[in-house]
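Naming follows writing order (A, B, C and D), and every chain is counted from residue 1.
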Amino acid sequence: MALGDVERQRIARRAALEIKEGMTVNLGIGIPTLVADYIPAEQSVMFHAENGILGVGPSPETGKEDENLCNAGGFPVTLIPGASYFDSTLAFGMIRRGLIDLTILGALEVSEKGDLANWIVPGKKVPGMGGAIDLAQKSRRVIVLMNHTDGKGRPKIVSTCSLPLTAPRCVHLIITERAVIEVQEDGLALKEVLSPYSLQEVVKATGAPLMY
Amino acid sequence: MDKNKVVSMEEALNAIKDETCLMYGGFGGVGNPPSLIQGILDKGVKGLHLIGNDAGFPEIGIGRLFTAERVQTLITSHIGSNPIAGEQMNQGKIRVTFFPQGTLAEKIRAGGVGLGGILVDVGLGTIAAMEKMTTKVRGKEYIIEPALTGEVGIVYAKQGDAYGNLVFDKSARNFNPMVAMASNLTIAEVEEIVPTGELDPEGIITPGIFVNYVVQSEGVNWPWHWET
Amino acid sequence: MDKNKVVSMEEALNAIKDETCLMYGGFGGVGNPPSLIQGILDKGVKGLHLIGNDAGFPEIGIGRLFTAERVQTLITSHIGSNPIAGEQMNQGKIRVTFFPQGTLAEKIRAGGVGLGGILVDVGLGTIAAMEKMTTKVRGKEYIIEPALTGEVGIVYAKQGDAYGNLVFDKSARNFNPMVAMASNLTIAEVEEIVPTGELDPEGIITPGIFVNYVVQSEGVNWPWHWET
Amino acid sequence: MALGDVERQRIARRAALEIKEGMTVNLGIGIPTLVADYIPAEQSVMFHAENGILGVGPSPETGKEDENLCNAGGFPVTLIPGASYFDSTLAFGMIRRGLIDLTILGALEVSEKGDLANWIVPGKKVPGMGGAIDLAQKSRRVIVLMNHTDGKGRPKIVSTCSLPLTAPRCVHLIITERAVIEVQEDGLALKEVLSPYSLQEVVKATGAPLMY
């Protein structure tokens, strides 16, 4: 089932804690976009937008939008001091070169090995991978924000992905409305259970063994 | 250099015919050339082969060509923001080929600077690398991705001069500089045409040597999705 | 972004040791970083592996490292302007590998943007293509040229800020933007260090993300060959 | 033997006639550099320098040189209106893309097929090819300016090059102190004999058949 606004904001707030001073961060569309609102003002973070901006700032006030200053999701943004514009080859050059410290994105499935599936639903139309493969495969750290289960209540965290992969072994941390789970060498480590869920509710809704 | 490349919209559009392979700048509509797209719609051109980052939105930018059923094939990175293009793909009305966004940008750039292609490892280990030719360099596997070129390239610039030197606006730069280089004939739609010599030589992003025609823009003629 | 990358020359030079693989910007001395080269000479570093467009002149730019016998190998496009480097090559004191200039620029850029290499046809049919791996793309033959990266990259910029954003000066840009991207650690020697936020975001050529250290330049400390 | 200044200037002046209105032209070092001085002021030509300038203008006055505004030979130049600066990948992108209408350069040997040899002298040190292969192979038209014979009086225009090639079948026109010779499908066509040389002196000093 779809997440309510309160849960989406809570996931975003929790994810913001993973962003450290001085990091370069790329936020995917959806819940990841909300993360920027929870970064403390004194923390200096460079937000990267793959349409060609390094140093994305907060959304502009209504009426002050610039149609040519948008993030990769197409929404108006602002700049912070030190920001720069560049073309898409340089935007992805930064990604492929391994200079993005952290990418936060959504997922359809994540495996216990950190495999990520977020671009193909078999039998449904495939709208393309966009920049997801580049970001998932090349970022130093990948955090997935998603609903713990799918629309039918089935686990999205699984032993082996059933969907085609966006990138193998790329996810480092999973944050859902129920839990924070770290992908470790030997499997998934449950780091936090988020209220009001119980440990058992988390374990039951997870399709792979959890270490806790 | 006084070579004057400023032409009327009508003259520029002579280059774009039914089934032309048309490459376009822009990302989510931002940086798509609005007046050239309107001109293509008005002229009635159809069966186009498109190459560009995405399919815009149904009523925004390049997406308008899908809504008006002027597209035959598309090489792109995603069409998630344009459900009409998605529907046409599912119904077999258009044939769509996807590449990872960074790979697509480099394939177009490679065409623009006369390379045969690039070696890239993005997508290895996924179905995006299926049926791709690969090679090993220093023991590491890479996909061989051929360069892309178009018959006509259309770009949207903030300023340009009669020689075709171009400057883009903020995040509207995106794919425009690569597209400006990668076609046999490049048409630049420019918001402000300035006298040659006025643009700062240090700040010119696309040197005029890559541009064949400069046309005056009439500006964006669609509401943005964040406005509605 | 307040990350302050401005360091002393001494601190920056810690990264450059005997036998370091050092990539440098510049073309015929123009755009070679003068104070960093002086610092390398003063520090006494030797056995360097160099990658750059040319060998400068014996008393100009990067050429000074050859004259002082600090070089072990060189990957370049030509050394015609530096007879001392030529002599060292002929005597077997340095090992030199040549690539066509445009190919060299693209190999370095490929390293800078995380590609594995490029496909290029320049040099086919000549001894420059001998023993090269080739592949066919759409029926046409291309040389497979692997990307180049360095351990340390040194560049010379006109202006830079504490985050490492760089702007170059006229024809001193040349190889500098590619070298700034293609090394594990990049040191930018800057003529004028400006407050972060002062550089026009549209005019920044090298975004600071690629730069690790910024050092204040003391300016060119050699006479140019056209002056003498 | 080396050419005198009068002969060098004469070759340059003759070469300038090959430059047409609106062309983009790259001039190599040596005699080719002198060609720019003979372009009529009213003719608009874009001079390309492979170190990253399009729109190179005349040399500056003495004392007004800018150390960072030089041509590929390292000599100070100026800009004309419409000029731009760019990095070396774009400079060579223009060349590889086939956008240089005309390149004028020197040579050690040219064959009757238009093969060019100008970078390797066997037994001598090889200082590298620089941008010569890119320019020779990719320019729309290549004109060679050179001495008709080498230091020992031997022909530099030959049936088959003895030196390793810079690029096969790339030369369109040869201008020497003795003659102007066009490379045609079926061989070399002698277009002009330059005074004070006689037809026979040209034919004798040429190591390949001439059509005239």
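The rule we apply is simple: a residue touches a chain if its C-beta (ideal position, glycine included) is under 8 Å from a C-beta of that chain, and two chains touch if they have at least 3 such contacts.
It should be emphasised that the depicted structure is a prediction, and the values quoted were computed from it without experimental measurement.
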item	value
Each chain counted as touching subunit C and subunit D at once	B
For subunit B paired with subunit C, centre-to-centre distance based on mean C-alpha positions, whole Å	32
Between subunit B and subunit D, centroid-to-centroid distance (C-alpha), Å	36
Centre distance in Å when subunit A and subunit D are each reduced to the mean of their C-alpha atoms	56
Shared-contact residues (touching 2 or more other chains) in subunit D	85-86, 89, 92-93, 95-96, 138
For subunit B, residues contacting two or more additional chains	106, 113, 115, 120-121, 170, 201-202
Chain contact topology (line, ring, star, complete or other)	other
Chain-to-chain touches, reported pairwise for every pair that qualifies	A-B, A-C, B-C, B-D, C-D
Contacting residues of subunit A [partner subunit C, same complex]	22, 24, 44-46, 48, 54-55, 79-86, 89-90, 92-99, 138
Complex contacts: residues of subunit C adjacent to subunit D	27-31, 53-54, 76-81, 86-87, 89-90, 96, 98, 100-103, 105-106, 109, 120-123, 125-128, 158, 169-178, 205, 220, 224-227
Contacting residues of subunit D [partner subunit C, same complex]	49-53, 65-76, 85-89, 91-93, 95-96, 120, 125-134, 137-138, 164-168
Footprint of subunit A on subunit C - complex, ascending	1-3, 112-115, 161, 163, 165, 181, 196-197, 199, 201-202, 204, 207-210
List of subunit B residues in touch with subunit C within their complex	106, 110, 113, 115-121, 133, 135, 137-138, 140, 142, 144, 146-147, 167, 170, 200-203
